[in-house]
Amino acid sequence: MKHAYIPRTTTYNLNPGEELNDLRMSDEVRPLYEHVKKFIRETVDPMSVEFMRLGESKKDRWSFTPEQLAVLQKAKDKAKEEGLWNFFLPDAETGEGLKNLDYAYIAVELAKNPMASETMNCSAPDTGNMEVLERVGTKAQKEKWLKPLLAGEIRSAYAMTEPNVASSDAKNISTTAKLVGDEWVINGEKYYISGAGDPRCKIMIVMVKTNPDAPPSKQQSQILVPIDTPGVEILGPMHVFGHDHAPRGHMHLRFNNCRVPKENMLLGEGRGFEISQVRLGPGRIHHCMRTIGKAEKALDLMVQRGLTREAFGKKIAHLGGNMQIIAQARCEIEAMRLMVLKAAKAMDVLGNKEARIWVSMVKAMVPERTCKIIDQAIQMHGATGISHWSPLGEMYQDVRHLRFADGPDEVHWMVVGRHELSMP
Amino acid sequence: MKHAYIPRTTTYNLNPGEELNDLRMSDEVRPLYEHVKKFIRETVDPMSVEFMRLGESKKDRWSFTPEQLAVLQKAKDKAKEEGLWNFFLPDAETGEGLKNLDYAYIAVELAKNPMASETMNCSAPDTGNMEVLERVGTKAQKEKWLKPLLAGEIRSAYAMTEPNVASSDAKNISTTAKLVGDEWVINGEKYYISGAGDPRCKIMIVMVKTNPDAPPSKQQSQILVPIDTPGVEILGPMHVFGHDHAPRGHMHLRFNNCRVPKENMLLGEGRGFEISQVRLGPGRIHHCMRTIGKAEKALDLMVQRGLTREAFGKKIAHLGGNMQIIAQARCEIEAMRLMVLKAAKAMDVLGNKEARIWVSMVKAMVPERTCKIIDQAIQMHGATGISHWSPLGEMYQDVRHLRFADGPDEVHWMVVGRHELSMP
Amino acid sequence: MKHAYIPRTTTYNLNPGEELNDLRMSDEVRPLYEHVKKFIRETVDPMSVEFMRLGESKKDRWSFTPEQLAVLQKAKDKAKEEGLWNFFLPDAETGEGLKNLDYAYIAVELAKNPMASETMNCSAPDTGNMEVLERVGTKAQKEKWLKPLLAGEIRSAYAMTEPNVASSDAKNISTTAKLVGDEWVINGEKYYISGAGDPRCKIMIVMVKTNPDAPPSKQQSQILVPIDTPGVEILGPMHVFGHDHAPRGHMHLRFNNCRVPKENMLLGEGRGFEISQVRLGPGRIHHCMRTIGKAEKALDLMVQRGLTREAFGKKIAHLGGNMQIIAQARCEIEAMRLMVLKAAKAMDVLGNKEARIWVSMVKAMVPERTCKIIDQAIQMHGATGISHWSPLGEMYQDVRHLRFADGPDEVHWMVVGRHELSMP
Amino acid sequence: MKHAYIPRTTTYNLNPGEELNDLRMSDEVRPLYEHVKKFIRETVDPMSVEFMRLGESKKDRWSFTPEQLAVLQKAKDKAKEEGLWNFFLPDAETGEGLKNLDYAYIAVELAKNPMASETMNCSAPDTGNMEVLERVGTKAQKEKWLKPLLAGEIRSAYAMTEPNVASSDAKNISTTAKLVGDEWVINGEKYYISGAGDPRCKIMIVMVKTNPDAPPSKQQSQILVPIDTPGVEILGPMHVFGHDHAPRGHMHLRFNNCRVPKENMLLGEGRGFEISQVRLGPGRIHHCMRTIGKAEKALDLMVQRGLTREAFGKKIAHLGGNMQIIAQARCEIEAMRLMVLKAAKAMDVLGNKEARIWVSMVKAMVPERTCKIIDQAIQMHGATGISHWSPLGEMYQDVRHLRFADGPDEVHWMVVGRHELSMP
């Protein structure tokens, strides 16, 4: 009657000596990493202070002033000059680029100044869009859109999420594209389209349903839609806990019989899911590394507050369970860091498809736990923690938002759970 | 060596037959309760829609339009006419008023429309301020400030929290008032002063330190400061997760050698803590009942979303652990409701002082658990949950804020824990 | 686009003035309640110490010594003499008995000495079995089994759970009874049959499948099986975390072509579910009240330990987050107590069927939270907490077991969730 | 007024390219690792089945039968012959041995059969005791005790924890040793002394207070006490949730004027803490790796149960939130594994002292989270989960016990928190 215990073979119990467990940054990337840190410290940090100052008096919240753009351009020119430009991008000929593990270490640094990524032309969603164009774009598509994106002259958006369906199940996508003559006619609604409010945003990649009768994973396509195409209607910015994030915005869009040339289709009809594989893995890892940067910052703020405020005759950090909260935050951060590094390494070693379980684990784990850490930091700050005097409130909103972006936690747990149940 | 187990006598294990366990609303209050519900449904609900509509096009975010004020006034007149006016207030002669338990049931209803309380002249912090003036005000103070407050002609603020100290420990209060001749000269800073931005706000009750050398609980006083007193500087609104709550605002104030007549002192020098006892117990209970109203609304929204959206071939409510989340939310809500009713009853039967452990329990329990329920409702809504299309984001912010207001959770747990350790 | 919020009508938002919110014990039960407390203190407590002492040197773990039985009998005689006997039982003629709410208060007291219930002939599963016989038994069944049970001369068991199927879904019951001539022939296996190891246990009520082709809720029957029936094989005691609970035991039984007369069927073929309704509601409430008694004891022990041990120069209760843990335990206990009282009252006022949501809520809530409180008490005791020097280890095991008994937590949450989703 | 955010330099943000992030097993240890796995599979697994079978009919629970000892000896001889013997031990001359990281990988395998460690003479507490004797023992001490331990002829115990004080604060140690003539006279009580009940246990290392007037960290000493020394009184086995773990036992001991020669002192008077540094780091890491092995087993059992039982028309693994529970368990296990590997590597690279923060993190993190995973596995098994039919109940008890052993969680969080607060 005793339970017959037969241990399963898991993909997690790999050979302990193998490369997958080596989480070091590559030696050859170290100079780039140091260069990026130096550039942020010396160029981006002062530039961003200036940029904010110049924006303080502007009238139109949904634009940048010429002075702002000039300051930003100068920093971009400097980055380009120093070779800190587009370094996220795989080499066109060889397909080789920065390894995910190496980029993960760099992403933590990029997260430390909100303008750092853009200055080095490495900001989302442009990175994903450029990578897609690089890998699957036609020569003409590259000439028209990839070139100015690589030069940092325009910006772009990625339109997937829809307001009227549970788009966490991509089969639900309801925006349609129908071929009429030589043009695709697009109709539907999208929302939370980050960056579509930026006056410099010129092109969108839009997820549409083209083949409703094909098998579920062959119904979707991705297509290029210039933002000034007639019929593209920007209905307004979506808020995140009351923020509209002007002037970049998370926009709500409607496509009203919006026509684009047949050639704007990416890769081919019904291949939208294939393209998603290219972009989502790395994007999720980068989100997670940036989030860990935020968790670290929240812990730093918690400690600083805990050591500078007093109540009931003690420093707050020494009151009640606060020291244990601080210790557990540190432990969570280190555990999250190792998991993200491992997921990045798994992508490098096993490929995006095999590594998807690792990616889903960190995508479900990191934002939720970081929300908790930020919330505890807020609590240790009292009302100041949710005020505009502290960055914690905005950090919380950003990270809370991540628990839906690129798939809600629940969908990622489902991916992990299904795999676990299918292991022999 | 066996542990000698000696059960303690607790104040919680009271005689099971006694009144404290009767959580029914009084028969005599039932008509008022029904009247309030009807008034909200028939008068406040349509008025508030009109009020919002009239405010949409206004230029100055920090004012109301005359049209808005007229609509509101009409509803207030109707309430007064029907006798739904100031019903929170104890009778001046007898000290008798609505019991806390009865008011708790009504507070749930008031919470269902954000304008309901004001329409019936029962909104915070005016209620607390009026109660204080009624109980401890001099005849002149009552004539000058209580009268127009009771008539709903002006509004008021309560200034306790300070930005530069951990004011959860009230001994830390650093705003000073010094008697110079016949005037109190006030200096210091306060923040998160709700309602101080309202153009109709005319008077503040300010917590100050007058007797730094007295024993800790005798150092503070509460004093009346008209908001137009020279030296009162409104530095700006504090944000709550990016919201400024214009036009009422949670203001940041500075007192610069601000002079008020000697007669503005309430009750007497060094009696600030005594006054706090009057106002804080009921205020906390009302907060908690309103919060339960929000938890119920979050659960309703969760259920509605869960039954109307589909993913992976199922209604969301039936996916994964969602049904259990819904069930546990219901259970938490009912547990919270009973605890708040019990705390209210304890105040009625035992008095505010004896009941303070119950009040601290619910003040620490209710906002934290409600935050969790709202957060789960948000997650079930996807990105819409944090957008301006759903009330959930704003509800989260309000309830999160409550975890500091009137003492952070940690201080309330400390009160409960200390009592537990001191029981024989 | 704003979410149209339509509040649902819930069965929880009942009229606030109604009886359901009166959680006081009935005046007429108060003398019984006081009498029970006095009897436990004066008679049961010393008797149980004596009983344990007499058992220390016994050879056969699966029996009681004649001396033990004599001591117990004396206490039972005294209880009977004082009228503290079978008071759980509804009146045969009127169907009236103690209200669930009143019994709930008494159950807390009964829980304080593990022998208290038996001494007053109120111990599980005899109470449930007697109630079933009283309500649905034939005259002959009552004469043969109810009479000696009421007299405290024999004990009984209730056999529902099976080892080979998920019996939380009662449709899975696989023990069969087939009518062959004038006899039911029973085959199958049952486990965790509490009390079936007691040498005084003479009769079992067994849940069997008699009508596999009927609709799911009409397939089961309950039948009386004397424990000495040929074919009843006791395979051994089931352990709970290594305990076998000798001499009463949670037995593992097999029925091998076990024959009982046709007349042993209770109520009628296919009416097994109906009978369950009679017994399970009150049984679950009693479990929960006894569990709250254990949570209180765990908190008492936590406080005593916290105030008598020192480390790092402080009493343990004042170290780190311990005071908050203690405060939160108190708050949970009071919330659980109110919920159980409300569920008991709901059974009294609404009937078992309508009240089942309340019962499921407390059955899922109380054991899980009490496990956590006991676990925290263990942690505050160090290794002593899990040793035989402290009652905490055994308490943990008992309460952990309750998270499956009478339906696992998950099934109860499902009941609550389904109801929530079906409310208009 | 904006918060000035100055990131702290942390010891956690080390150079990303450095060795500390390389968590691979050493190439040179791979053959040993494979050998150990093969030996467990081919020799230990069948031997342990035989050993259990031989023990089934034994009369004295506190002994082994000669047949049992013969079977075990045969396996030990085989291990010695194959060179799988004492491999935990550093080389006497060079101080070099297996790196902690390498041993961590092997410890997971050793955890898979409860007799594996002993068969290869690598079982606790002998490993720690041998390491201490090797490092600090005199020639005579080594000859007398280390030699037979290394040969696997005797076993040993380590006596630190005391029943009457909070010994998590080592300054509280109350067992005394006083030098009287040429002998140390020892008095006091110890409990939870694992293995002291084993008939083969001959020697104990005992933590005593020798210098009560010295600074706190110089008051303790460690001393060798043969278990047959007059005055050593074994009072009985301590239980863990009702288990006594015969015949090895966690014993309760009393030292009554127990005399040992002056030469039995280890390293020197007042140097007890120094010795602790030698043994505790690796011991804690080994505990944690074994615990992860248990978490994996619990997850395997959860999956197997989930895929073989059905209720409500579905496999249990697909009911409610179960798939998410399974996914989160996998994620926790992988996070714990990486943290333990990192802590082991930190010990190798930074030394035990610098790595202590990492060790405290995993010691506080791993047992608590594993308890939760085992508890969830129990819940998915229904009552079988806590019965003797499943290993889960015993696994829970062992891991729960670990939350006190070698310092309770709270003390480890305190170590981590203090370090965090002291970082610049």
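Going in written order, the chains are labelled A, B, C and D, and every chain counts its residues from 1.
Basically, a contact is a pair of C-beta atoms (placed from the backbone, for glycine too) under 8 Å apart; a residue touches a chain by one contact, two chains touch by 3 or more.
In UniProt terms, the chains line up like this: A, B, C, D = Acyl-CoA dehydrogenase.
Because the structure is a prediction, the values reported are computed rather than measured.
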State the chain with the largest centre-to-centre distance from chain D, centres being mean CA positions. B
Winner on C-beta contact pairs when A-C is weighed against A-B: A-B
Cα centre of chain B to Cα centre of chain C, whole Å, reads 42
With chain centres defined as C-alpha means, what is the inter-centre distance between chain A and chain B in Å? 39
Mean-CA-position distance for chain C and chain A (Å): 53
Which chain D residues touch at least two other chains? 1, 163, 320, 323-324, 384, 389, 410, 413-414
Which chain D residues qualify as touching chain C in the complex? 161, 163, 165-169, 172, 191-192, 238-243, 309-312, 316, 319-320, 378-379, 382-389, 393-394, 396-397, 400-401, 403-405, 408-410, 413-414
Please give the residue numbers of chain C that touch chain B in the complex, ascending. 1-3, 5-8, 12-13, 16-19, 21-27, 30, 33, 105, 112, 296-297, 299-301, 303-304, 306-307, 317, 323-324, 326-328, 330-331, 333-336, 338-339, 341-342, 361, 364-365, 384, 389-391, 410, 413-418, 420-421, 423
Can you list the chain B residues touching chain D in their complex? 1, 163, 320-321, 323-324
